[in-house]
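Quick one: this structure, given as structure tokens, is what I'll be asking you about.
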Amino acid sequence: MLSATFLFYLFAGLAIGGAIGVVMAKSPVGSLLFMVTALAAMAGTFVLLEAHFLAAIQIIVYAGAIMVLFLFVIMLLNLGHDYEKDLKGGAFAVVSFGVIGGIAGLRAQQLGATGMQDGPGGAAIDALIAEHGAVGAIATELYTTYVVPFEITGILLLVAIVGALVLAKREV
Amino acid sequence: MITEALVLSAILFVIGTFGVLVRRNAIIMFLCIELQLNAVNLSFVAFSRMFGIEGQIFVFFVMTVAAAEAAVGLAIIISIFRHYETVNVDSFNLLKW
Amino acid sequence: MASLAALVQGGGQAATEGGHFEPFFPGLVVLLPLLGFLANGYLALQHARASADAVRGGSELDLGDAASRPATHTLPTWIGPGVMAVAFLITLVNFTRMLGAHLEEPVVIHYWTWIATGTFTVDAALQLDQLSMIMMMVITGVGTLIHVFSVGYMKEDPGYPRYFAYLNLFVFFMLVLVMGSSYALMFVGWEGVGLCSYLLIGYWFSDREKADAGKKAFIVNRIGDVGFLIAMFLLFKNFGSVDFVPVFHDAETLVYGGGLVTAITLFFFVGAIGKSAQMPLYVWLPDAMAGPTPVSALIHAATMVTAGVYLVARSSVLFALAPLSSAVVAGIGVLTALFAATIALKQNDIKKVLAYSTVSQLGYMFVGVGVGAYAAGVFHLMTHAFFKALLFMGSGAVIHSMHEAYHATHNHEDPQDMRNMGGLKAFMPITWVTMWIATLAIAGIWPFAGFFSKDEIIWYAGAWAGAENAPYPGLYTVYWILALAAAMLTAFYMTRMMVMTFHGANRTGDEESKHLHEAPAVMWVPLAILAVLSIFGGWINVPEALQSGWAGLGGVLPMSEWLHHWLEPITAQAHHVQEVNLGQYSYYAPFGGGEAMWAAISTVAAAIVVALSIRIVGGRTVVAVKDDTTELTGFAKVLYNKYYVDELYDRIIVQPIVRASRFCWKVIDAGIIDGAVNAVGWVSKGTGWVVSMFQTGTVNTYAFILTVGVLFVLGASLF
Amino acid sequence: MTALLDSIGYAQWALHALIWLPVLGIGLVLWAEEERAKTVAFWWSMFVFVLSLGLWWAFDPASGAMQMETTAPWIPSWGVNYSLGIDGISLFMVLLTTFSTSIAILGSFNYIKTRERAFYALMLLLEAAVVGVFVATDVFLFYVFFELTLVPMYFIVGIWGGERRIYAAIKFFLYTAFGSLLMLVGILFLFWKAKTFMGMPTFAYEDFLLVPLTGTEQIWLFIAFALAFSVKVPVFPLHTWLPDAHVEAPTPGSVILAAVLLKMGTYGFLRFLLPFFPLASQHPTVVTTMLVLAVIGILYTAWVAAVQPDAKKLVAYTSVAHMGFVVLGVFALNVNGLQGGLVVMISHGISTGALFLLLGMLYERRHTRTIADFGGIARVAPWFATAFLITALASIGLPGTSGFVGEFLALMGAFESHPTLAFIATLGVIFAAYYMLPMVQTVFFNKLETDENRKIEDLNGREMAILAPLCALMIIIGWNPTPVLERMEPSVRTVIERVEQAGARAAALDGLSTPVEGGVRADATDAPSDGDDETTTDLNDGSAPAVADGDE
């Protein structure tokens, strides 16, 4: 049996590799595929963190729907033939990347080090899952406490669809 | 595990940021932004292990917003492309004045 | 309106404390010339409008013949001299009334409060006393004659009404100057006459040189005016007033010879230097000859330029308290007298000779008031007004005649240059005689007026040197010698002028000389009157030491030291100060000898000089300007060019100031100050430009900057 | 006259009317037809002027306090009131404003050819704002009006100006706004102090007078206020906006600028600077600095003026010199000096206003302002030359004109307190002739050479109507300034007494509250007569530990 730790590092490695691939890939389609990899790997980490529903959503909505949307656009616009100018070099960007990465990592390390091994939230979520199941745990909250924001996101999506239509339409 | 997840989140976020900074292809920049969002999502999920289910709820909302954003953003890219015949962000400086 | 009524009626409270002097419409004396100015000024403007239309049409206004001239041109003939004559008559009435009264204190007539700030008050008030009365007599008397003369001299001039307007205005200000009851009011007249001088010198303003001369006179005068102002401020600071009566009342509280009184008097003297054309500010007066000749007679000989002498005489007590200032006054006076006399030796322009002669004679007056002989200074002021006005008007008659001769023959020669004259006595006998009288008077020949006044001044200079506690006896001895020398020079250059003008062969030109003629009656009558005054004017003040001797014809000349006695109330305080601090004047000149002896020596010497110079100058061959090719060399050239003083001033004062002005404008103002201001603008703009470079409009840049910002925030929270 | 005014309750509404009638006039002008706008504006401003003349009689010359005071709450929560009042200082400024606005409007009939309605509306707005500045007794209200004057002037220069009008307008605006913002900071500081001291928010002038301030505070506040006013005056070296603004402004703009806008600066000196900060105003370093700047202003600008090729610029520079005399008089800090300064203000308003009008008339005829282009004009325009000469002579302070009375008193006052500086300043009298006479000569005298100059017309009836009252005023004030002086004197004395007493009181309070570092010890009150010296040394002591003060 693969241990959870091993699986985590496996997914982490895949995610990081995918992410680097996204940035470095020459063709947009390549980037997109790396992105799908990264998203899927992150879905794996979600599972390891007991967020089963989110993992599923991640695969279905993100890696599925959104990425396909991107792919459509890339295909539609017939991109990917001028990538020689695409990647900006620049030592400065790389250095700043290093610094940012360093600081961000340190910050994360610091936060994690202050006794965040596995707080009370983990137990509560486990209890909820035990009671309502993986979907039910999140759904209960979503349809009770966060029902108004939830509805608002619905409106947001509607607006986004209309907006996208208007923007993408050739003639108004 | 939480610490590791947070560190992973940070690394992914930074890679995403780097991507936004160094790529000129608007689509790929967009992908990198999605990557950043996902990195944040990972943090939320990790924190939910400490503070409760709300973290996951947030991730849900973030995903929704990301979907909406992707739709609108891609529409913008399409309309820009129609105008400039390129999605290279150096080619247009719409934000100037 | 109330004040106007008071002005005409003779004022409200006439403080007639001493004697029973009833002023007779004194305000009218001042008011009449002002009214004359307003009337003539209005006519002048009307006239100028008519001629302006002609000028716009490209021609000159046709004045027509004498009979058909417009009223704007003929009315001033009556208004100008008319107001003067009435003013003179009123003055005469006042004078005779004052003669009958024993006025110890000045009569001050208040009209209205001029300036009152709470701590400083000065009234519009006239002061009538013996000194102002003498000045009024001279101003209105000689002034009237000159106005009458002007009728003849200026009648063909297109600006005739304007001329009389200015002349009336001048008399108004001059009367304010001498009649004002305070230094402040005197200053009004002081600057007012300067203004009129400016206007009259630049009367023919279309000629750039003449306009320049007027401007120069005004600016140089203003240098002196600063001194006057400062002196007034000092007076106010110490006495709380600038009125004559309180100031002189408290004057003796000042320390004798102290710094304060010395400063006050020296600053006043700076004013006097400017107005009375003494060294080093005399340079405007010769240039002032650009004005019409009667103006030179009235302003630049008889009245305005003597204002400085009047000022010192008026402030006699202050000057008596400041021996150093007095020495400076006398020193400047004697130096100017000598200096100007040497320049006059080589001038060919008849008016220039007279101008330098005036400067020189003014120097004498300052010697007089500088050696404490205030009455003698005023005496010379008066006699000088007679004979110098006569000389100027005589020269005016000559110039008038010359001008018409050249005008008739369309010749463009200079009618003022003596080299073009010669032998004029045949054409203008009356002018010739009267001018000779004036020349003898100015040369100091007995019994003409100048002899008495000049001799008295020279005598006092010598007597002061020998006074008991004379402050600078050696210095005054030098003054005395220089004054004597200058008297001899005066005799020479005046005779030279007369000989070159009237004697020898005529050089005007054959055709031209047919047009030479004697001046009309309206011009020669004033000459004759002044000639009489130049002969007898000195007899009112025959020195006591001479009166019973030869000079007084053994007591026949009646009025022994009349002017001294007359001015006694004014000068008493000063003489008191002198006696207390200096003791009596000496009865002997520095090298021995009494007044009678030195008077005899000087008049004989002057007579000899006159006689000699007739021979010397008469023996020279003078050629007309157009034939004159002689190049002056050496000292003569320096004299001819007036010691290059104008050039020197231009080089060391005028040009540096102009350059400094340009520097201030171009470098400091436009460069440094405005540069700094604009630099602030440029810096803002530059900063904006630099900052705007970050606004590339490309998403990456913004994202990058945003990241850097995040970096900072993170870094800050981390540490 | 007084009875008549009383019967119509003049004193109650006059000041309000003088502010709001011009505002009403704006509506009338905008409503009128384009070609009738100027007539409407002129008669309306004449109406306002005639109305303002009543102040002359309604004003009680014996009192130095604020008169005709009215007040109404405006922003109660900040203690801001709409309160107006007038004293011997502002009386003449108000009259000068209403007078010169009418004159300027009449003088712009030929000059302004475009957007006439807007122009005259702005002129009336300017009038309202300037009157407001002079009659406001609430500091907040004052500041609002003070800033409001910038707006119409900015547009007048910027729209109807010459070639470089935009540059000049922006320079004018930024320069003056820079100064007044500093003043705003000072006002707010005073406001907080007053709030603490009075226990309630207030902007009232009288309340600000009572605020106790330490020597150091006074110095800093003095600097803030003085900068604001010095830019307006303008005091050397803050003057460079003025020549540009004057040269580019249309004639009426120049007239108003010279006649009244500059006076707001010196008025501020008298109304706010001296009474608010008596210790700082008496501080010898401060006084010497201001006097030295004034003297430099007098001499330096006279020199600069003398070499200007542009007649209007020349006159603009002379304005700086004249205002130098005002500053000299004000900081003489005695009755003569202050009154002299005020008379110079009035005289300068009349004579320089007239000079600008005359130059404007020349410009209308000849379309140039370069002095060298003219020559001999006196022959074709004698009335013009006469008016110009009278004005020029008044400007250089010839006795018998208003300029002399002012300069004489200002110099005399300065001489009382600072003889050496006053002596140097007196040299300005020479340089006045040095800048003015060559211009007069070159323009009006010399040879009439060019045909353009030959064609120049003399004054017409309207122009005579403009110039006659100005010339008459110059001469009347020159010969009989007493009616003016006697109305000023009590107010001027009030200012001086306030400076002396408030200085003593502030010294006392300061000495009590901060006995050690406060700086000004109580002994300064003992000897108000020689308080100058005492205060001096104490202020010097006090300024050093200023930092320590703040830390407490």
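In this document, chain identifiers A, B, C and D correspond to the written order of the chains, with residue numbering beginning at 1 in each.
Here, contacts are C-beta pairs under 8 Å (C-beta built on N, C-alpha and C of every residue); 3 or more make two chains touch, one makes a residue touch a chain.
Since the structure is predicted, the reported quantities are computational estimates derived from the model, not experimental observations.
Chemist: Does A-B or C-D have the larger number of C-beta pairs in contact?
Modeler: If we tally the C-beta pairs in contact for A-B and C-D, the bigger total goes to A-B.
Chemist: Give the identifier of the chain nearest to the protein's overall CA centre, each chain being represented by its own CA mean.
Modeler: Central chain is D.
Chemist: For chain B and chain D, what's the span in angstrom between their mean Cα positions?
Modeler: 64
Chemist: Take the average of all CA coordinates in chain A, do the same for chain B, and state the distance between these two points in whole angstrom.
Modeler: Here chain A and chain B have centroids separated by 8 Å.
Chemist: Measure off the straight-line distance from the CA centroid of chain C to the CA centroid of chain D, and report it in whole Å.
Modeler: Taking the average C-alpha coordinate of chain C and of chain D, the gap between them is 39 Å.
Chemist: How far is the middle of chain B from the middle of chain C, if each middle is the mean of its Cα atoms, in Å?
Modeler: 97
Chemist: Give me the residue numbers in chain A that touch at least two other chains, ranges are fine.
Modeler: In chain A, residues 88, 93, 96, 100, 104, 107 touch at least two other chains, as defined above.
Chemist: I need the residues of chain C touching at least two other chains; which ones are they?
Modeler: 700, 704, 707 - these are the residues of chain C that touch more than one other chain.
Chemist: For chain B, which residues count as touching chain C in their complex?
Modeler: Its residues touching chain C are 17, 20-22, 24, 26, 29, 89-90, 92-97.
Chemist: Taking the complex as given, what residues does chain B use to touch chain A?
Modeler: On the chain B side, the touching residues are 1-19, 21-25, 27-28, 30-32, 34-35, 38, 41-42, 45-57, 59-61, 63-72, 74-79, 81-82, 86-88.
Chemist: Which residues of chain C touch chain B in the complex?
Modeler: 695-700, 702-704, 707
Chemist: What residues on chain A touch chain B, complex-wise?
Modeler: Going through chain A, the ones touching chain B are 4-5, 8-9, 12, 15-16, 19-20, 22-23, 25, 28, 31-32, 35, 38-39, 42, 45-46, 48-51, 53-54, 57-58, 61-62, 65-66, 69-70, 73-74, 76-77, 79, 82-83, 85-90, 93, 96-97, 100-101, 104-105, 107-109, 111-113, 116-122, 124-125, 128, 137-138, 141-142, 146, 149, 153, 156-157, 159-161, 163-168, 170.
Chemist: Which bits of chain D are touching chain C when the two form their complex?
Modeler: 171, 174-175, 237, 239-241, 300, 303-304, 306-308, 334-336, 339-340, 376, 378-383, 386, 393, 398-400, 404-405, 408-409, 411-412, 415-416, 419, 422-423, 426-427, 429-430, 432-434, 437-438, 441, 444-448, 454-455, 458, 479-482, 485-486, 489, 492-493
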